[in-house]
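In the two complexes below, subunit A is the common chain; its partner is subunit B in one and subunit C in the other.
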Partner chain A sequence: MAIQSKSKITVAGTRTQVQALLAHAHSPTHKRNFLETVDLQFNLTNYDPARDKRLSGSVKLPSVPRPHMTVCVLGDQHDLDRARRHGVDSLSFDDLKKLNKNKKLVKKLARRYDAFVCSETRLREIPRVLGPSLSRAGKFPTPVSHRDDLAARIVDVKSTVRFGLRRELNMAMAIGNVDMTAEQLVANIMITINYLVSCLKKGWSNVNSIVIKSTMSPPHPLF
Partner chain B sequence: MKLEKLLQALGQPIQSSEEETFELFAQELPSQNLGFVDSKASTVELTIAGRDLTIHQSPGVLSSNRAGGTTGAVVWKVTPLFAEWISSPSSLLFQSEILSSDSLVLELGCGISALVGLCLAPRVKGYVLTDQPYVAKFVEQNIAENTHISASTNKAKAKGKKAKGSATNYSKDNNIVFTPLDWETDEATPSLLADLPDTAGRKSFDATIACDCIYNEALIDPLVSTCADVCRLRSQESDTEADPTICVVAQQLRDDQIFEGWLTRFMESFHSWRVPDGLLPDGLKSSSGFVVHIGVLKEAYTP
Partner chain C sequence: MYQLTAVDGYKYSKPDTYVLEILPVAAGLAAIASDQTLSLFDPTRLNAGPLKQIRTDHGNLTCARVYDPVESIVCTAGENGTVSIWDFRTNPIKAAMQIKGNTDQVPILSLACSNPSHTLAAGTELANHQASILLWDLRSPSSLKISYSEIHSDDITELTFHPTTPNLLLSGSTDGLLSISDTLITDEDDLVLTTFNHGSVHHAGFLNQGTELYAASHDEKFAVYDMSDETIDKGAAVLDVGDIREAVGCQYLANVVPKLGGQGAVVGVGSQDQEMFQLVHLAKGGDGQWGLDRESVVALPGAHGQELVRSFVFYDEQQLVVTAGEDGGVRSWRPT
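After this line comes the complex of A and B, so read on.
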């Protein structure tokens, strides 16, 4: 049972855990051949996801958590050209039609990319061309209009952490990577935690525990 | 038929709940908290259509572990926006005359604020607020305070005996009342109209409203069934030429699976339309994270 007056998180405490996590990730015995992501994991309590309003939202972070996050542009000719110029993967609507609404193929596409950006004027066509699999995967595309700066939009998508509570009381999100400085990680962490707690019905009373971990590390408790 | 006018303005009915969900969620939805206006304050001051309202709410009940749910204990963001829109004479429903000074309206899941009722009641004949009994005390307080009606006239008559139920303690002039109605346990019957003054002979409502009531799976079926039952009361009326009851549902866009679950179930019983952004004020548009749908019972109307 969570004690009501548990102390909230301090920046200093968080920094200590972040530094421990970074030290572990960079130590000779544990260094990996890929860029480890840093995840923030919440365990909630005093909250009934079956009967209460479901938390869902997004936070824009100052430092891009996953620079290697893969984005695909689903676009009309204009946006396809722009995507190619920026070295971003793209698919035309003809390419999408070739998938013939095959659930397995669409699912594969949905899994291959972390996020999608789509030409605003053709957004409506997507469910008709691809069927429900993209929505099922929770990968709703972000719209981009011809007037928007495509590169900036993609940076936005990469900087935004989306979260949503489904039926369990756990939530995890990628908020950084081990090549970031401790200060960058601390900033991303504090912003995410503070925002999320402000969204909860009972604030800190809804939080049972918070942990950070890098892909291959043990969990470091923050709360 | 007035309904035709309304439907013309709404455009094509929704064909696929999957496509509708996709269109609504594939947008830059502003990130919001759960959606309460202020979860800590015990009163919320609002101005709607130039009218100042003071709403009492219960942050205590909101954070409690009450078994039946505590969602109704505070004011939610979508409610003031919706209240202002639906009670505006230039809005869709008044322009098509589906709503008029002769209409009777029922709200499901009104919560403690009674906001929509307070704004709409002066423009219609009668307004019935319904929810679980735990909100009754707040609803009555909010109605009394914002319509300057004192309950003392009937209290005196009760001669110290405690009046049961309390929904009937309004003077005849007051056309807004509260009646308990639990979607999972209660039935929709013409008795819902009973406490409204001056409605003898009427057995049904012109519109039923649900504002931000869809937020978890468990309640989808009870809510839609209750909406359908309320609309079905229209078939009991002797006037078979009357327009069918319409169902107006407003909500904040949160979880796409729940939204799709609700819409799929709703479309089983109702022909459904989304109110186009062009007919809504900025704060209620889907780009602000809200949406309004209108439904007509399939058995009552063929488009």
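After this line comes the complex of A and C, so read on.
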């Protein structure tokens, strides 16, 4: 079993801060016409980005943080049928071949969707059919097999958040939005923090501070 | 479970030095460290210290690769965008040639060498929304042969040439992708032959005479992929270990060393809280399926204390394993 340092933040403490954040977001004096995201912001310490092992990866959250995230299925006939049944946009490989590797068209496709899922048996054709533009846009698909539940796979994609520290010691991740319940936000926050701390050589000793913040709110400290 | 005992070692004198990578060459064991030095050790006499050592001039030294193990030629690169080729046979270690062409001086994070095709590849950090793979023909090192900037959308952290078809280049990035490109092709629209979506790539390399490849992500997800053309319908991993920390009971993966002439590889994993480092065999079972062999794990108790192991080398004939770590130490180990 991997050894995990005892969590330095409590569910109760986190819930208090989340409730304060939500109260602020929903207060009648702060009306917004967009859905505010909730960010988790880390400041690290005792860590040297020049030589320590990179902090970079992804974590799957219990609740979908961005409900309006759009996914497109690039599929064989079986997966196209499934996508249609679930009301998910889809494109066949014939549709993709019609783009003729035209960079402008592929980039346009990349911009239309937040993420792509592709039939596992056809994923490796993607670079040959579309050229480099999907990879270049950071939107290369993840695979789905016929054995997988397509709807569940799409939820997985929508629930997975990437994180990556660049040269500074600060990192922010969007782990929810202000229309989620306090419990959903608390769960997303706890999973993320514990996962991130498990990826740090010195665990909690590498963490200087953690705050949560919605787009228009002041920061609420968690650690 | 087998155990090794530490028999010899050396500690870099400058405090808080990380030994980043050790590489075997005919002249001995090459090592790069965070004090910007490149050193040559005798792996059987580590306590004597480096046989030779020079300071590199890369700003911050990020990577090293062996260009020619027999001629003991090693290349290094770093954050100021420079690449150097070193000949270990001379005393002192001399730069074998001047590599030029990274005019924007973009930081270099990864290197790959192909001696048979005289090619050197360098992977850059993301800069100005672009991450590039720079290629040199070492017969004319003063200018770039070609550079590719469409393969990845983020820092290029791993590069390796195919063991038998040297124009094929494996690249891995923090964008999560593993791509195989044909470097004989200049048009970036047709360059990439296959791509897998693994997760922010820490280490990746070829297995089984280059028909398969392994990948380890920065957040410890490990998998094996089949990249041969005959199996183009295999878009997902043929072995998906998931989080290797849960699969084998460890806190991190240090590195993977392919077995020469064999199919598999040795995966080095550590638990710094337990001051432990272990070597786990990645091999194909009787059923032809890849797996991590938990029965014949080799343990190196004590490891590098509470610091991480970064690199290891094994010398099969001498029954010797050498490890390098963030405690500034290079240690050698033998069966108990």
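The rule is short, and it goes like this: the second predicted complex is superposed on the first by the 187 of 223 C-alpha atoms of A that agree within 3 Å, B and C clash if a C-alpha of one lies under 4 Å from a C-alpha of the other, contacts with A are read in each partner's own complex, and residues count from 1 in each chain.
Keep in mind that, in the parts below, a residue touches a chain if its C-beta (ideal position, glycine included) is under 8 Å from a C-beta of that chain, and two chains touch if they have at least 3 such contacts.
This structure is a prediction, so every number in the text was calculated from the model and none was measured.
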Touched partner set for A:S145, first subunit B, second subunit C, both or neither: second
First, second, both or neither for A:S56, with subunit B first and subunit C second: both
Partner chain in contact with A:N46 - subunit B first, subunit C second, else both or neither: first
Which superposed partner A:A137 touches (first subunit B, second subunit C, both, neither): second
Which of subunit B and subunit C A:K101 touches, first, second, both or neither: second
Which superposed partner A:K201 touches (first subunit B, second subunit C, both, neither): both
Contacts of A:R122 with subunit B and subunit C, given as first, second, both or neither: second
Residues on subunit A lying within both footprints (that of subunit B and that of subunit C): 50-51, 53-59, 118, 123-124, 126-128, 132, 135, 138, 140-143, 164, 195, 198-199, 201
Complex contact set, residues of subunit A against subunit B: 46, 49-59, 118, 123-124, 126-128, 132, 134-135, 138, 140-143, 164-166, 195, 198-202, 205
Residues on subunit C engaged by subunit A in the complex (per definition of touch): 18, 20, 34, 60, 79, 150-154, 157, 174-177, 179, 188-197, 199-200, 202, 217-221, 232-236, 245-246, 249-252, 271-274, 308
In the complex with subunit C, residue positions of subunit A that touch it: 1-3, 50-51, 53-59, 101, 103, 118-128, 131-133, 135-138, 140-143, 145, 162, 164, 195, 198-199, 201
Residues of subunit B touching subunit A in the complex: 16, 18-19, 21-23, 25-29, 31-36, 39, 62-63, 65, 69-71, 215-219, 254-258, 260
